[in-house]
């Protein structure tokens, strides 16, 4: 019961924030609403026992990636976006299509989910850091290392891309911190 | 008791909103945020399934998704900065050198 | 915990209230402390007019802030301009709610830990909240639509994000040793003595390096001297809160000190053995002593803060970044590696 | 322990020479080219003789001397190895090839001197030597086939040596293509052998075949194989009906005609048939075919030879007819006789060509006998050597040709495969042979000179002159050989001991004539006398027509009319072939294969598909608006389709 309430509360918050993300015409508002979405998703993760992921969701997404977004928005001082006919066409076509699609998927899932498994907070299943770590460093060791390499490449790419032409990227290239923050 | 289906539906809705955002918005950074939104929806689905099958692999997957998202954000934003530096705009409709 | 949901809620509310009061007073008097100490360091007296030793100075400051005219400059992006300070303060105060300050206490049958909630990933959540606290600064800097603020905000966000890594990594060593994210467990790991007289604090068990890394990173996280670039008066007037005045400014101010206290208590919990210390005297004393030790350690830490502020000059921005990335980060990583090696060998 | 003869040197030395001359010859001076081109062949010749000496001392059971050097193909049970198979037969072939080849090489120095592509000529010639020796020394049919094809290649290259002359180029092509037809049969024979015996190695194959019975009753597998092999031999050795390439092959330089198209290569077919005598002797019908083809070719070519005026053409047809003799011999199981004739023929026919070359050389490239004559005193050396060769080929005792031809005729009559018909045709051919040879002799050397005194030909120098020493010495040697070369097989009927047969006996086994000979010396003498008479008659007739009464030939020609034209124009065989095979082939290739299939189907497909792609992409191009979100839209649409399908699956 309590979980249901919590689910609906945060689910509605998430959806509303997502809608707000689209509705807002200023990127920074969109960014903030996206942060809200992420935070509420983190609580939903907690509801499903993925506490480590919840924390990581906050730290990485909200704390690092979105900071990066906000930072770039501030840096470029991106103004209010202007309307173009193309976007109007996209709206006319896209909104119904997406609504239809999501609706059908939702309907299929609700109506025909063969596993109506209940989710309750007191279920013994908890994604504790140690459990995740065991999987991560034993079964998924290779992918983990590969992703670390990916991160490294991403850092270098970001530095090269963002550094003004000619100058070698010095320290304090703002792209670095979030990319690092994963490890 | 919350059926897993609810979480899946929620993730479906969020994903749809992300797609819609990508289609509708014109600001490069907002497009990126839409992508992140989709990724989050996917993460939610992963966690839900992980819960349904009582298996942590789904959560590990989410972990990887986050890592990739972080890398993607870093590079993507760097690209955005480069684009802005050259074209003085973030409007995707104005960044259309590929048009024939 | 064997209590009904209602009592749980009631107890929690009571604890929240107490914590708030304690925190606010602590914040207030840490400002007083700072001014006093810095004054003496700089060969002044510091505040002493209001009350004995100026003990009522914080109260006066608070009144002054409250009664000042609350003006919002034009051309600011209002919603965020207003939201930013609240955000900072709320986050700062929230993070304290996970900090245990002592053992479990049992008051007429209701036993509860001396913290608002006991989460088994408390440390992670605290880190998450502190990582969120960037937004307050960044948004403030951006929304107040002024060059100084923007620069301050940019600096602050970049700096905090950068040093967050060193901060987290410096804690990893301790986590490896204690194998838990639960602050209470981490503290319990540090009870007792080595060779009968050295307390088994992590700082004495090889984490000394990590401690100093944490120290530096924490200073940067809280935008304190010598890392207070975001509010460098000489360059940016007052950095991200240039455009703020009266209560809104007070919020930033309080948030900063709240963060200081949080950071200090985390350091205490992770490195300085938490509330462990010599216990003696009657039982009531034994119940109080742990809290006393904890507060004492936190106080020492804050005193260190102030002391450094009074003595050290300010970095240059590129120096700051270079220090964060080229010195602290590698040291922290090395510390993690060494610690994990040692732990693995002990196993 | 059996001695190691290092036979691999014999073929490889010429190859080295070919490699040096062919790769570096362009930069080498003619002197070096000459040295290389001849030294290696001479070395291999010397080695061959050394081997021969050792060979004689080998004990009988050590033969055939087989040695495998390396495995070439190994697939399942079927294996082929590079190796040598040396028995008396291949020994003789090696000696003939190397010796005559070496002589002709020397001759070429003089003949080809001052020709363009000097190094090229010697490279090709050495290459030919390599392949020919490979063929001869092969230890299996496949290796033999390599040599077989290789000599074909060499002959192609050398026939088309003056490739700037269109006739030369087309002649080369003709030779190559006609040979392909024969090789086709040969190949199928090899496939049959592989299929039924699982091996092409002589030392494996022959014992297997020995066990098989003689296919008297019904022609069977061996007959088929034999016939197919005969096809190949007919192609290579210019027998009916595949002889047409050899006359045209005379486009090549005269030494080439001498070496390849008279002495060695064209006898490869004979060698192959002799080598496979075990197969043939178990396939009587195949033998019959061989014999018939042989004697028919002999007669046929001889008749054509009578009417030719080009000196080299005459020799070419006589070569064909002599080869016919050899096949006749093989067809009546007188293999040793065939090989014997092969050897003597190598001597005198090589000599004939070289002498003719010398004549042509003297006349500055003139080949038409009608513009010759009276050269007897002008070029005495050539004259005398030519005389020896002519008498030899005419079969006048005691010249080499007499013995070999006579032995063939006798065995054609006496062997159990033979009959008096073969003998009669043989004698007739002998008569014709001596007739056209002496015709050539008279027309060339007697009477008065009928050509332009200063014939400026491809050699450039005007006055008639004797050839240089380097050309005359081989002539002399070969002349001696064609005089005495036959004596090594002096027939018993004349109180000799047939050493040659005895030498070859281990290979072919004791032969019919050897048995029959004992009784019928008188008859043999009678037959020999007949053939000698025929030869003398030919001599007389030639003297009468081309020396005494020069007006007669034209009268006769006029009287014979169409028949004469037919003979002169080689019975229109080439035209017939052209009409029967070549034209249909060309037409078919042009209209069906080229215009129809190639242009109509293949090219059209390619072009149409390309244009289709162009149109489609031109249509698709407009999807590329350059607008990122439109791309995203397409992606989303695709994803939507997939999701819709999955939803459908879920609902279903």
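Structural remarks
Order of writing sets the chain letters: A, B, C and D. Residues in each chain are counted from 1.
Assume a contact is a pair of C-beta atoms (placed from the backbone, for glycine too) under 8 Å apart; a residue touches a chain by one contact, two chains touch by 3 or more.
As the structure is a prediction and not an experimental result, all values here were calculated from the model.
Of all the chains shown, the one with its CA centroid nearest the global CA centroid is B.
When the C-beta pairs in contact are tallied for A-B and for B-D, the bigger tally goes to A-B.
Remark: chain A and chain B have CA centroids separated by 6 Å (rounded to whole angstrom). Chain B and chain D have CA centres that are 82 Å apart. With centres defined as mean CA coordinates, chain C is found 33 Å away from chain B.
Here the CA centre of chain A is 28 Å from the CA centre of chain C.
Chain contacts: chain D has residues 627, 629, 633, 636 touching two or more partner chains. Shown for chain C are the residues in touch with two or more other chains, of which there are none. With touch defined as above, residues shared between interfaces to two or more other chains in chain B number as follows: 19, 23, 26, 93.
Going by the touch rule set out above, the chain pairs that meet are A-B, A-C, A-D, B-D. Residues 86-87, 90, 93-94, 97-98, 101, 104-105, 108, 112 of chain A are the ones that touch chain D when the two sit in their complex.
If you check the complex, the residues on chain A that touch chain B are 1, 3-4, 7, 11, 14-15, 18-19, 21-22, 27, 30-31, 34, 37-38, 41, 44-45, 47-50, 52-53, 56-57, 60-61, 64-66, 68-69, 72-73, 75-76, 78, 81-84, 86-87, 90-91, 93-95, 98-99, 101-102, 105-106, 109-110, 113, 115-120, 125, 127, 131-132, 135-136, 139-140, 143, 147, 150-151, 153-155, 157-162, 164, 175-176, 178-179, 181-182.
Contacts from chain D toward chain B in the complex involve residues 621-622, 624-629, 632-633, 636.
Residues 77, 80, 120-121, 124-125, 127-129, 131-132, 134-135, 138-139, 141-142, 150, 153-154, 157-158, 161-162, 164-165, 168, 179, 181, 317-318, 321-322, 325-326, 329 of chain C touch chain A in their complex.
By the touch rule above, chain A contacts chain C in their complex via residues 28, 32, 35, 51-52, 55-56, 58-59, 62-64, 67-68, 70-71, 73-75, 77, 128-130, 170-172, 174, 176-178, 180-181.
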